[in-house]
Amino acid sequence: SDIKSVLFWRDVLVEVLATAILLIWITFSFVTFNPEHYQPNTTTLGLLVGMVVFILIEALGPYSGCHMNPAVTLGFFLNGHLSIARAILYTIAQCAGGAGGSALVYALTPSSRHHMFHAILPHPEVALAQAVGHECIFTFLLVFTALFLTLPNRKSVNPGFPLGFCVGTSIMSAGTFSGSTLNPVVALGPAVISRNFQDYWVYWVGPMTGSLIAFLLFKAI
Amino acid sequence: SDIKSVLFWRDVLVEVLATAILLIWITFSFVTFNPEHYQPNTTTLGLLVGMVVFILIEALGPYSGCHMNPAVTLGFFLNGHLSIARAILYTIAQCAGGAGGSALVYALTPSSRHHMFHAILPHPEVALAQAVGHECIFTFLLVFTALFLTLPNRKSVNPGFPLGFCVGTSIMSAGTFSGSTLNPVVALGPAVISRNFQDYWVYWVGPMTGSLIAFLLFKAI
Amino acid sequence: SDIKSVLFWRDVLVEVLATAILLIWITFSFVTFNPEHYQPNTTTLGLLVGMVVFILIEALGPYSGCHMNPAVTLGFFLNGHLSIARAILYTIAQCAGGAGGSALVYALTPSSRHHMFHAILPHPEVALAQAVGHECIFTFLLVFTALFLTLPNRKSVNPGFPLGFCVGTSIMSAGTFSGSTLNPVVALGPAVISRNFQDYWVYWVGPMTGSLIAFLLFKAI
Amino acid sequence: SDIKSVLFWRDVLVEVLATAILLIWITFSFVTFNPEHYQPNTTTLGLLVGMVVFILIEALGPYSGCHMNPAVTLGFFLNGHLSIARAILYTIAQCAGGAGGSALVYALTPSSRHHMFHAILPHPEVALAQAVGHECIFTFLLVFTALFLTLPNRKSVNPGFPLGFCVGTSIMSAGTFSGSTLNPVVALGPAVISRNFQDYWVYWVGPMTGSLIAFLLFKAI
């Protein structure tokens, strides 16, 4: 019944839009390298992505929840915030938005920079099992924090700050190891435009496992 | 009738003042380069401009709305927040304030640094149509977010954070490509003191189009 | 009697969890060095640790208080917020969580990077008495601020910001001198995995003394 | 009569304490240079000083107002918030706290670093009249914003953010030109320990003039 309402589809479109914006902001950082003014590093990326997450949660959170992330959707689904139909559609919407956002950046980038697009990959020194562990731990804190913010007595907290900071600090702390996506869709956009899905499963297994652990520990406390 | 009131002209002067302060803070960054202590980069500029936007919205927002930006004024005009007379006067006030702020920095800068003033221009590798696209997308999110913050149930949100973050993240993400002004007036001040209006139309067409799209999408949701 | 309740042990486990997360985020920064994307510096570390403190206080503060720090626990114990049994168990929990968090990072780090783990030590030019003084002053402000935030008329303040900023600014200001841990447990995790407890007492004497002075001055005002 | 109360003297001591802490955090940055981990720059200093100002206003603002700055005290005195006796004593307290804070850092610094203490001076290329203008403009925005935050309908705003951001953005924007102290006492501490009062008057004339202009413009709006 939920699936037949206008609000359901509005919320799905909000997820497409929010995830597209998130990926536009992130993907631009791959190609705007300029020795004098911008050199990509995880400090800047952490601040950048954390602030974009804040903006989108503040602007669009009251509609769909502004998950922008299948792992967050999984956590809220397990905790009973949304139906299975909504969870599946949100996940599809996020994948579409993420791939679309990165594709739009591709169109807006001079061809002289196209070689700078690249997939998000674990660092060569890091074993895949370790990369899964990194993604799992960092996503754990994100979903764990998000679940606490849904408790009735926490409603007054400005949710964009703790959630944006979760993403930002994860990138600053270990972004050079696993990429610190915390999100299969963040890895999807760059993978699509660089046509490189090597080790891409890491960014599903790690975040989804982290979300599951976050739900279990949240319930235990 | 609005135009005859004292409050109307006070609000116009507030726009002059706020835009002048915004441009003073930004324009100083062009000439204070110092290899040991300050090297201009889009991370610092993003933080700097985002925080100045926050301050001005918090201090002066309750008077004129503290738009400081013809694209923001367009979005609020389309959404019925202000009259056509007020929108036109705000735009003129913003241009005057922006040019005046940059001119004040010129007067306060040693002549040995005058060669460091420069217009904000798209990166040579970026096609003008792409630069218009960049300005359009980033301004879209700014105006889109600003419109949501006017909804009655959002009044409690501290508006300086999401709006300051919109400006800051845009500069961090693609500042080296189009300049990420999101605002014709931010490009105006540097253009006036460096007497270089090359490609200046980009900073009107991009932001105004982004504002129009933001209004249309806001209405659709 | 407190010690027999379920809530008591839940709060102790929350301290284990929160301190472990804090040390996971910090310890990763030791080994993720990458010349292009991440170079460890006290600006990034200050932002990173400040934001993690914010997240944890927002998510878990309503349970145990989320001290994550024996010096903070001492200050709240002196001010009558918790029993001696709770204070002792919290301190043990924090030590266990801190060591466990760092050990988890060790397991998730490629062996090619294991040599990069190192104890937090005062800078060789700094006398140990000076390092104690640094830790004492910076912890003083942290505990002093935390005590003010418990006053009935301050409840509305979002406590993660001032407390996260205390930690962040201390690292930025003098992190290269004493390490600016403000916390015996932050030094414990790295000491355990690098098996180097040289001068480790500095990180107990300095913060605990700072906490005592903060309590005395708070009472005087 | 105010001068005979206990609260009056408590507030004066709070100004001593707050200004001392502000100068401890700032002065440490002069000597903790370390090529690998900390290189002084105005981005870090802006973030650092802005966050310290935030902490102190949140913790101690409800007592003395936590001015920490004779220019802020002047603005509030002109606007009728405090008596002439309180304004004079606050100014003396701020000078004593600032000099004392810097002296404490001197005592906690290895003698091998004592040569790194230096007075805050205008950049050699900047004329003194220009440096006065810089200090005047940046202090103007600080006091202007502070006065708006005292309006009855603004009480809910968290004052540490706009005021901390005023200080932080001023340092980022033009810190390498005039020093962007916005505050005679910030220049006093370093001047005392380096025994160099050259051009020190700039840091009184600029900020006090800026405060006067802020008061006049605030009254006009």
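We just call them A, B, C and D in the order they show up, numbering each chain from 1.
What we mean here is this: contacts are C-beta pairs under 8 Å (C-beta built on N, C-alpha and C of every residue); 3 or more make two chains touch, one makes a residue touch a chain.
Which protein is which chain? UniProt says A, B, C, D = Aquaporin.
Since the structure is predicted, the reported quantities are computational estimates derived from the model, not experimental observations.
**Q** Counting one step per pair of touching chains, how few steps separate chain B from chain C?
**A** When the steps are counted carefully, the minimum from chain B to chain C is 2.
**Q** With centres defined by CA atoms only, which chain is the most remote from chain A?
**A** When every chain centre is compared against chain A, the largest gap points to D.
**Q** In terms of residue numbering, is the interface formed by chain A and chain B classified as same (over half shared) or different (under half shared)?
**A** Copies use mostly different positions to touch.
**Q** Cα superposition of chain A onto chain C: how big is the rotation, rounded to the nearest 5°?
**A** About 90 degrees, rounded to the nearest 5.
**Q** So what's the Cα centroid distance for chain B and chain D, whole Å?
**A** Those two chain centres are 28 Å apart.
**Q** Centre to centre, by mean C-alpha position, how many angstrom separate chain A and chain D?
**A** Centre-to-centre distance between chain A and chain D: 40 Å.
**Q** Which parts of chain D, given as residue numbers and ranges, touch two or more other chains?
**A** Those would be 39, 43, 47, 158.
**Q** In the complex formed with chain A, which residues of chain C make contact?
**A** Interface residues on the chain C side: 10, 13-14, 17, 21, 24-26, 28-29, 32-34, 36-39, 43-44, 47-48, 51-52, 54-55, 58-60, 62-63, 104, 107-110, 112-113, 158, 160.
**Q** Which chain A residues qualify as touching chain C in the complex?
**A** 40-43, 46-47, 50, 123, 125-127, 130, 133-134, 137, 141, 144-145, 148-149, 153-154, 157-158, 161-162, 165-166, 168-170, 172-177, 217, 221
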